[in-house]
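This is the structure I want to talk about, given as structure tokens.
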Amino acid sequence: MTENSGFVVDRETHDKLVALRRDFHRYAETGWQEFRSASKIVTELLRLGWQVEYGPDVIDADTRMGVPDEGILSDAEDRAISQGADADLVAQMSGGFTGAVATWDTGKPGPTIGFRFDIDANDLHESTNDSHFPASEGFASINDGAMHGCGHDGHTSMGLVLAAVLAKRGEDFSGRVKLIFQPAEEGVRGAQSMVSAGVVDDVDIFIATHLGTGPELGEVVCGAKNHFATTKFDVDFTGQAAHAGVEPEAGRNALVAAATATVNLYAMTRHSGGDSRVNVGTLSAGEGRNVIARTAKLRVETRGRTSAVNEYLFDRAQKIVAGASTMYDVDATVTKVGEALGADPSAELCDFLHEQFSLVEGVETIHNTIGGGGSDDANTMITRVKDRGGLGAYMVIGTTLPSGHHTEKFDIDEISLDIGLATMVNAVINAGNFTITSQ
Amino acid sequence: MTENSGFVVDRETHDKLVALRRDFHRYAETGWQEFRSASKIVTELLRLGWQVEYGPDVIDADTRMGVPDEGILSDAEDRAISQGADADLVAQMSGGFTGAVATWDTGKPGPTIGFRFDIDANDLHESTNDSHFPASEGFASINDGAMHGCGHDGHTSMGLVLAAVLAKRGEDFSGRVKLIFQPAEEGVRGAQSMVSAGVVDDVDIFIATHLGTGPELGEVVCGAKNHFATTKFDVDFTGQAAHAGVEPEAGRNALVAAATATVNLYAMTRHSGGDSRVNVGTLSAGEGRNVIARTAKLRVETRGRTSAVNEYLFDRAQKIVAGASTMYDVDATVTKVGEALGADPSAELCDFLHEQFSLVEGVETIHNTIGGGGSDDANTMITRVKDRGGLGAYMVIGTTLPSGHHTEKFDIDEISLDIGLATMVNAVINAGNFTITSQ
Amino acid sequence: MTENSGFVVDRETHDKLVALRRDFHRYAETGWQEFRSASKIVTELLRLGWQVEYGPDVIDADTRMGVPDEGILSDAEDRAISQGADADLVAQMSGGFTGAVATWDTGKPGPTIGFRFDIDANDLHESTNDSHFPASEGFASINDGAMHGCGHDGHTSMGLVLAAVLAKRGEDFSGRVKLIFQPAEEGVRGAQSMVSAGVVDDVDIFIATHLGTGPELGEVVCGAKNHFATTKFDVDFTGQAAHAGVEPEAGRNALVAAATATVNLYAMTRHSGGDSRVNVGTLSAGEGRNVIARTAKLRVETRGRTSAVNEYLFDRAQKIVAGASTMYDVDATVTKVGEALGADPSAELCDFLHEQFSLVEGVETIHNTIGGGGSDDANTMITRVKDRGGLGAYMVIGTTLPSGHHTEKFDIDEISLDIGLATMVNAVINAGNFTITSQ
Amino acid sequence: MTENSGFVVDRETHDKLVALRRDFHRYAETGWQEFRSASKIVTELLRLGWQVEYGPDVIDADTRMGVPDEGILSDAEDRAISQGADADLVAQMSGGFTGAVATWDTGKPGPTIGFRFDIDANDLHESTNDSHFPASEGFASINDGAMHGCGHDGHTSMGLVLAAVLAKRGEDFSGRVKLIFQPAEEGVRGAQSMVSAGVVDDVDIFIATHLGTGPELGEVVCGAKNHFATTKFDVDFTGQAAHAGVEPEAGRNALVAAATATVNLYAMTRHSGGDSRVNVGTLSAGEGRNVIARTAKLRVETRGRTSAVNEYLFDRAQKIVAGASTMYDVDATVTKVGEALGADPSAELCDFLHEQFSLVEGVETIHNTIGGGGSDDANTMITRVKDRGGLGAYMVIGTTLPSGHHTEKFDIDEISLDIGLATMVNAVINAGNFTITSQ
């Protein structure tokens, strides 16, 4: 059913993957601030002849979550330009519309295959220790407080080299290919806004890809499952300050409201639909020891094995907050700052990816699936594609890690980029046959 | 200013006080069920020539609190009749309208002086031990679960003998006298309904009297203060049961709502207007170990040094309950089952009572005031009288106690009845002078 | 590998199954009080020629949980005798040692196959409505408050008829058979004490059987999984009473300790090892509205997808209780009243049972497994058998239910007894081949 | 009994009061950092011929509370020297021993009269608005974050001018005078360490003085009462971080421990010994939204109408914290950072001060007492003096305030300095007579 031999990454292509990955690594940008990254992506895609949309055309303004304040965004735009971004493109993405979608239409009948590449960095201070490869090789992040500690630099690099490879091999595949460069995956803030903009509505086969997250170099996973659906939200309580000794009754205590909300958030009844989590990660309240606290802020997340379980918890959480607000006569606002649905991979697509992996040099072990306690808003895209009748899977390319994800010494083995790229090229070339026979 | 010599209780009068007290003791009836007691009071007052009102005329139906269920009241009516109550009177007080007010109008100018006598017994099983005087003398309560463990039998006796004495001495005083026989003081349930019926609206000088509560025989107190204002209320939460293992999300948990309400009720901010108390005395919730609890019930009280402080707490408590209800998506109802205001004695009236005490045989020590942590809804009457420009005080007649108030071996020294009666007679006789000079 | 044809239940055998089931149903006895049931079981097994152990020989006294008070047990013994139990046997099981184990040793080489039959009834008042089959047929429980609402009457009946069938067919099988009649499965109180007595230590193949729990008549399940491991426990808090108005500081408040323990029990962090549950089913605290509560009692359960998860929760729960006790300076005791481990079925045994089911008349659908939110302490036995190298499975015989388990109108379709019995007979006859080839 | 005419503040003395007050105001220093202030005080007292002790001789190291970190103290020392402090004196007070005690012994028989002057400023940013008198007159604080917002600059000034006046009038009084310059009254951190050093152990008549706090200019108070006894403490919880989705059970949650401690701290049972307060003023916990929180910090205070009530609450609070720590398996430390006892004024001393006030020009209204909801650790000194048989009172000198205590525009009317000084001089001169007659 598939071709006998797969795509082989040559030296030149490997060097290109590495060079791009290191460039994005050096100029790391966190969520909604990826102005230089997105500018470079758009420029390169246009140069390769892809049809490119970006900015508000692919990012729905109303469903973005956890967008930084204007001042921060404005500073990020200036920095991006000073680091080589195209000022016109930055202007078109101003305000944090830092995503792009590239389409290649072969004009031949066939499915639309979409790939998601997340492009944002983490809120981390990268290690400057010589034992850290990016530091010793001189491509550690120069943007303080931003570091590619999750491998998205590699994702972005694979996306652009995939674009370059396909641009030369239009004859070898049919249907359409969409490359989706998503901002703000960290905090699961970005995918919903691209879904709302309709970016995946015409995708028949959707593949999200992640480097690392468990398996070693040489191991790959067709379709991870058991990602939690999750909602991230902030709660702000506002009461009234008063002297705690002289006139306590004049106060309305935001701190005790936050404390009782916290305990009761953890106490929410569980759901038979699957395992779940609740966490109040931070609580900050009060102005002084002898003052009834006027303000309190919680940073919270719920997670559920299914979107329904998570939805149940978030609904319950809002009632807990409302109740605490009533109890202590304080105002409370709940602000959603991130959300990812849960999704299981399509079994047929997993089988298809298994075949593509088997054609790739360096792949030693192919897992059908792995579980896990994390979340990724690629699942929001997968859910949308499946809801419309398409197939989706979350592919994992193993890489041996010197230090875990989201740590200051995180690094990937750059050989994993070759594996990921080759698998994607195979998938595109073989997608036509797959879809025709299996759907 | 006052006459030189006070009223002296002779042997016959003393015997009458004792006989009546023991009769009421033997046929103890708890709040809103005092059908025999009230019947006997009304019959005796009418016999003595007083103008008597009783039943719904002196008890406002809408502001009664903590009234027992109909079945209990009906049984109490039957029992009262079987124990000698007048069936017609019981019928007129049917449903728990067990109060009476007697008025004597001299026709001469002068103030209206009112006395409050509470007539209900406690929810206690009286000791049958020979060391307990009522048991060894054969006048212990024959009504199981009802016992005069607070001295109200003595109060009632003093009220009736006062009526008898004054009926013979109409020449010796002026103005008007009102004798107020109040049901359901225990649980502070009855006074409000008599206030609402207007019973004290024409009273210029109001005197509540209590036997015991601290001082020994021979000690008396002109005007106790620092009684707490208090509200007694029940909270009922109703949710939805569900199997705790199989489908917990189908439940709405009344038990955890009650638990979080409880902790937060205790946590209510205090008030600079004075000391306060909160107590959740009982909590009963749930149907089975593996079932999400459908129901929960709390019995609660708030207390404040002033009526305003207590009102603040009760208002806050209702918000706590509403918040817990919102948190766990359960219904909640708050039912007020008792309430007493707080009141300080009128200084002029204390001075007046000091003089009356000084004329009484057996009085050795006269305290101007004492404090305390208890509550009495006579203060609701005092508040009303003072609000309308009158004077009020809560007089205490000490008596040496073998066992504390509200215990199964509580008993009074019957000599204290003489002291109380004599003081009241003096007050009536001297009230004319007092009021004329001091108001 | 297995014989070509399975055991067929003839009319006489069916009638015997029905008669026994209805007898046990009529004389329903709850956990640790099954004196008549156990007496009848022992008598019948001895009659059939089985080697029988019972009472303290098969029930370890120290690891029994949730045993009723002596008075209750004593009354149950009297009732059992009055309802036909053998007085000598009852005396030997006195104090609640109401279990029995029957062994048949063929003397031929082969595995030891064990079956668990739980014999206790539920704390239910059985419906007397004519629409309820046991009521209209006249075999509804005559023991008020005890009802076979879970099918254990059928389990017991199948166990005794299995004993009868095998007693006649000793030639047809090899190895040994153990029939384990367990008391007090409801509340998961009994299995541990039989495991502690060593009852399953020599069992190679262990089969627990349950009628109902989901599948319809004609459906069967080889090995249910995802039963929760669970611990049932009571918490008693004891403080010091005090007048809540007069001297609150003299009290130590058991009610608020129980309330804060409750909220925090629900708030326990979850475990990545699998889904879990916590429930505080009942809370009962306090003596009166104006008294600082001296006592409080919670009835609690934890559940976890694995024994480790449940153990984690129970450990955390004990810390929550200890902390609440420290907070409010009250004493607290935690009493374990039930416990079941979690266990997955052995895959080889499921395959074997699949074959046995396929030989049974009336079996239409064979499920390899089903999940579920309940618990059964048969899993404690399965865990023990597997830990010692044996195989275990929890077999389910579907039956169409007019009303769910643990309801007052629960009933089984008696045809399901035939299916269960036939499967067990097949299993015994074919066990020799199975074990020889598969172990 | 007292002299007929009191001390009159002349123009030169008034100017001196004003000049000193403004100097201390300009160089405001907060608690334990008053190196320049104390240096200037010591230098001046030595110049005037008083016997002076300072540094560790009058400050017990072990009972100081709320002392800042070494780095902060070291910076404060440097700043003090740069602002004119004597480097040798600063060295002797190094580490925050910034108190001084001056003694004048007349050699004549008579009581020892002691005055407490607190010298520290508040953690406030002083207003630079022209409507603020210190700003428009150019003596606003030049030390950012430190401002005399409570009048201690005036207290210090009165203390030094009192020293100057008495140094010239040694003939006019008998016995001994002690002037106690106390650091760190804000946060009630300093008095205990001076009491522990024995500073008030030989004082017969102890007078604390405060400007402002309610009464207007011309009003004075002989002895304020109902200051709350108070304890200020920090609670630090330390647990273990873990990923809240992947492995929550590996964490130990300091945030939820802090939250449940908070609610239960507010829920502590009250005390019949008098009104009380609890406040958790600030709560800061956690590291990130998806991380089980490792750390949490509370800033708490308890207050009681009496020292016993406050002690009860602080004892209960420690149990609440210990219980929360047990519940969530986290470490907890309670650090006392401030404490003041409660004390009522000695009635005889109030009478004496009434007489002294009556001799002072500008005094229009003399209140015997006022109540209040605040706290002052001068009461720790008063308690010590009274416990040893002496007399103590907390004198208040009213002053009309443009803005409340502890606000950025607080200011005193400098005429109040004259009133305070004159009263103290009178007290010293008349103390001999007073003590001889009244003790």
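The letters A, B, C and D name the chains in turn, as written, and every chain counts its residues from 1.
As a working rule, a contact is a pair of C-beta atoms (placed from the backbone, for glycine too) under 8 Å apart; a residue touches a chain by one contact, two chains touch by 3 or more.
Protein identities per chain, from UniProt: A, B, C, D = Aminobenzoyl-glutamate utilization protein A.
All values reported here derive from a predicted model rather than from experimental measurement.
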item: Label of the chain whose CA centroid is most distant from the centroid of subunit D; value: C
item: Rotation in the CA alignment of subunit C with subunit D, degrees, nearest 5; value: 180
item: Selected pair, greater C-beta contact count between A-D and B-D; value: A-D
item: Length of the line joining the C-alpha centres of subunit A and subunit B, rounded to whole Å; value: 69
item: Between subunit D and subunit B, distance of the C-alpha-averaged centres to the nearest whole Å; value: 48
item: Inter-centroid spacing, subunit D versus subunit A (mean Cα positions, whole Å); value: 55
item: Shared interface positions of subunit D, touching two or more other chains; value: 246-248, 256, 260, 263-264, 266-267, 269-270, 272, 277, 292, 373
item: Category of the chain touch graph - line, ring, star, complete, other; value: complete
item: Subunit C partner contacts - residues on subunit B that touch it in the complex; value: 187, 228, 230, 232, 243-248, 255-256, 258-260, 262-263, 266, 277, 279-293, 296, 299-301, 303, 372-375
item: Subunit B residues within the subunit A interface of the complex; value: 246-249, 251, 253, 256, 260, 263-264, 267, 269-273, 292, 312, 316, 319-320, 322-329
item: Sites on subunit A touched by subunit C in the complex; value: 263-264, 266-270, 272, 274-277, 373
